[in-house]
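Right after this note come the structures.
Presented sequentially are two complexes of chain A, the first with chain B as partner and the second with chain C.
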Partner chain A sequence: MSEIKIEIKKRLRNLQSLPTLPPVVSKLTKMFGNENTTAPQLAKIIERDQVLTSKVLKMVNSAFYGFPRRISTVSNAIVLLGFNVIRTLVITTSIFEMMQSGDLSLWEHSLGVAAASGILAQYLGLANPEEVTTAGLLHDLGKVVIRSEFPSLSQEISALVKQKKIFIREAEREILGGMDHSHIGQLLTNQWNLPERLTEPIAHHHEPSKSKKFFQETAVVHFADILIRAWGYGYSGDPWVPPLDEKAWEALGLRFQDLEEIIPLLDERILDLRFFTQEIRGEGFGQNNTLH
Partner chain B sequence: MQKIPLSLARTDMKLAKEVADQEGRVLCSSGVVLERNLIEKLQRLGVKFVTVEGHPIQFPWERPLAEDLKLLRARFSKVKDDPRLQVLHEAIKSYWITMRKEDE
Partner chain C sequence: MAKIILFTKQALAQVWHTILTKYYEVDLREDVREVTERVLDSPPDLLILELNEAPEEVRGLIATLKENLNLATLPVLLILSYGLEASDWEDLPIDDFFFEDATADEVLSRVHLAFKRIKRISDNNPLTGLPGNTSILRAIQQKLDRREKVAFCYVDLDHFKPFNDRYGFARGDEILRMVGRLISNTVFFHAEHEGFVGHIGGDDFVFICPQDKVETVAKEIIQNFDRIIPHFLDAEDLAKGYFEAQNRRGELELFPFPSISIAIVPNHSGRFKHYGEVAAVAAQVKKMAKKIPGSSYFIDRRKGPYRSY
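So, the complex of A and B:
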């Protein structure tokens, strides 16, 4: 193993202390893994943590999930949305914050892939579309970590993309001794004990055929990534549409007519996200804001 | 038609879609011309967006269609030989062209 690879793995092991996964989240992750955990038990733990409670409620009511009704308590959220959605929400809120504080255009790309994953999952009738949405949001987690933990390597990667006009994934491999963001995402999510339905799309969104248990979900995130890069929303490190995996395309079974139905749904969601991120950027559309 | 935040709605704009509240109840039907009182009422009811006729507002992310199509083509430049992705390219292109024509 190359020296740089060993160094990266060592650093990643110490990332467990990142503020993004506070002890309460680790505790909840364990509870989620236990089949006997009940919804009230879960609500009790979340509600004990005011910060997490407000984060979960903010998230549930944000344009990201786009639920039509306002949800005001965690118990309500669990009853209305179910166990799986809350599980993903808890994981998401913590990581979401880390992404938001970093590069906004990468965050926009991730939000876009989340929205596209949700639309595709619903269109194809997959179980738990909310979890596929979350997998979409987290698919580039490795890039977030590279930027925040290895800033100088990250700059080298960006420079190489520009200089050689290659995909960011290829540049990462050159600079990181053969590793890329999907490996790093995989290492980290395994360390955090995230469920496989999240870790597989993160690890294999560029090569969905490697996915063992959640191939369909991984294929959805793979194509959602392509859709969002094609649309040009956000920036994920290079400006090109990446190659399409043949098996994933066959599994999705999408035709031109399907795309014609999916694209308007995506357009609507991206517009919502643009207003949402505009607000976060502090460039919201207030009463006195004139864009004319 | 264009979807805009209610905070940017002005009198004399005409609704191109009905406005509904979070429970799905219709608050105002399509075709209504906005007046100050109505805008204030919708604000009080928690409405965030309305869809109006035409394309009255230029948002910071909007570009001329020709430029959008040029950038779209550039993004597909590394996968030009994949006919399946060309289908996606075509689908996005024809959607954008149709939407902009409706605005004119």
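So, the complex of A and C:
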């Protein structure tokens, strides 16, 4: 194993917490100050942040709390952890000291994939669309880890993407000794005891055929990722749309007419998300300084 | 080795740390956010916190641990400063304290003692961390004596025995922990300090909350239970919609998935004098609740004084 790979694995084992976007944390802090805030309202905001969502799920699935690999949605986690624990968890979340435009764009990409995954799962009649939405939200968690834990390597990766005009995943493999964000996401979410219905789509969203137990869910996230990249909502680190996996496409069994129904649904959801993300962008950079 | 988290910026910290590490695994921290994160991540066996270093955060952390995480048995010691009044203990449910200039010997003795005492006095259920029978009886009797407008609620699970038989005790315990958390969080969210939750044992729980909130609480518990229980069942059973297990006569039978029943007994003024009367009525009401298939609650609407019906 290459030295860099060993170092990454070591860092992941000792990883305490990931930073998130300051505006999301301050929005939640305001909600905690309001006595009328309900658990579902809280869930709605937490579900719009991959770092907070992963944090809540990590806690409820930890051995101590007694539900390893069981709980896959924020709303169920809040019910089991309770309001005050969630508050403490959010308040102690570290934030990006310097929020960069790229952080926001990745965050938007993840939200978009979450929305698309949920719509597809519902359309296809999968058992638990809320869960597939969560898997979509968390699919690029590995990228947050690279960005926050290995900032200089992260810059090298971005530079390589531009220079060689390759996918970010290929650039990651080159710089990180053969690992990419999907491996990192897989290692971390397994270490946190998240349910397999989440870890499989995170691990295999680029190669869905490797997914064993939750192939259908993984195929949904795979396609949602492609849809959102093609849509141009957010930015996941490179400007290209990755190839569609043939087996996954077959498994989804979607026809052109289906997409004609799905696209307008997604259009509406993304419009809705844009209001929210614009608000967060505004708070992050000041109204006159919106970045792209 | 028992694990202690020590949060302090006192000059003596190193001295305390040195003696404690002879007996315990000690994690010394100076940043309250780090402390909170570590505690939530994997709670230690004992916590020592310097109050004045971060009063609001320390109070918040203690409340979260004791009230919301069923960690009432986690001993918490405070380090106090001279000159500042030792606050209102009612709001600060800690186990012991020492002052900022305490000697290493004193600190060590207090820590040893805190571990011993918590074992001696706790009647909390080891599985859920919730108060056990002695505390439940005391809580009910207190509400009766004060004639508070509360409702006593007895909760149990349907088809839990065959579930244990089919899935094993480990899975059964997971469900009991889940139910304990679910009830606590729902009751305390709506009733805050007016609420009480206890674990009688097995799949029997009790909660107390104000009468005007009891139906909201009961409905929410049921709704959340029904939403979460599928995550504790195997995919093959979920697909079938039932599970197979032995019934009391030892024959294989088809059972619906576990559901939750809540018997609600309002404390109408002067109706009950003794907690035994509450328990007797609750047993009747529970029978009614259990007759309804699936998760349900049933309220005892009788208002007259208690007679043995």
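As a convention for this text, the second predicted complex is superposed on the first by the 195 of 292 C-alpha atoms of A that agree within 3 Å, B and C clash if a C-alpha of one lies under 4 Å from a C-alpha of the other, contacts with A are read in each partner's own complex, and residues count from 1 in each chain.
To be clear about the criterion, a residue touches a chain if its C-beta (ideal position, glycine included) is under 8 Å from a C-beta of that chain, and two chains touch if they have at least 3 such contacts.
Bear in mind the structure is a predicted one, so any value in this text is a computation, not a measurement.
**Student:** More residues of chain A are touched by which partner: chain B or chain C?
**Tutor:** Comparing chain B with chain C, the partner touching more chain A residues is B.
**Student:** Is A:70 touching anything from chain B or chain C once the two structures are fitted on A? First, second, both or neither.
**Tutor:** Both partners.
**Student:** Looking at the overlay, does A:267 come into contact with chain B only (first), chain C only (second), both, or neither?
**Tutor:** Only chain B; A:267 stays clear of chain C.
**Student:** Quick one: classify A:231 as touching chain B (first), chain C (second), both or neither.
**Tutor:** first
**Student:** Answer with first, second, both or neither: which of chain B and chain C does A:89 touch in the superposed model?
**Tutor:** second
**Student:** Regarding the shared-chain residue A:59, is it in contact with chain B (first), chain C (second), both, or neither?
**Tutor:** Once the two structures are laid over each other on A, A:59 reaches chain C alone.
**Student:** Can A:39 be said to touch chain B (first), chain C (second), both, or neither?
**Tutor:** A:39 sits against chain C, while chain B stays out of touch.
**Student:** Quick check on my understanding: which residues of chain A belong to both its chain B contact set and its chain C contact set?
**Tutor:** 70
**Student:** Give the list of chain A residues in touch with chain B in this complex.
**Tutor:** Where chain A meets chain B, its residues are 68-70, 167, 226-227, 229-232, 239-244, 249, 256, 259-260, 263-264, 267-268, 271, 274-275, 278, 283, 285-287, 289, 291-292.
**Student:** Looking at the complex, which residues from chain A come into contact with chain C?
**Tutor:** So the residues of chain A in touch with chain C come to 16-17, 39, 59, 62, 64-67, 70-72, 76, 79-85, 87-89, 91-92, 94, 127, 195.
**Student:** Quick check: in the complex, which residue numbers of chain C touch chain A?
**Tutor:** For chain C paired with chain A, touching residues are 33, 36-38, 40-43, 60-61, 63-64, 67-69, 173-174, 177-178, 181-182, 184-186, 188-189, 224, 227-228, 231-232, 238.
**Student:** Considering the complex alone, what residue numbers of chain B touch chain A?
**Tutor:** Against chain A, chain B makes touches at 3, 5, 7-8, 22-24, 49, 56-61, 68, 71-72, 74-79, 82, 84-85, 87-92, 95, 99.
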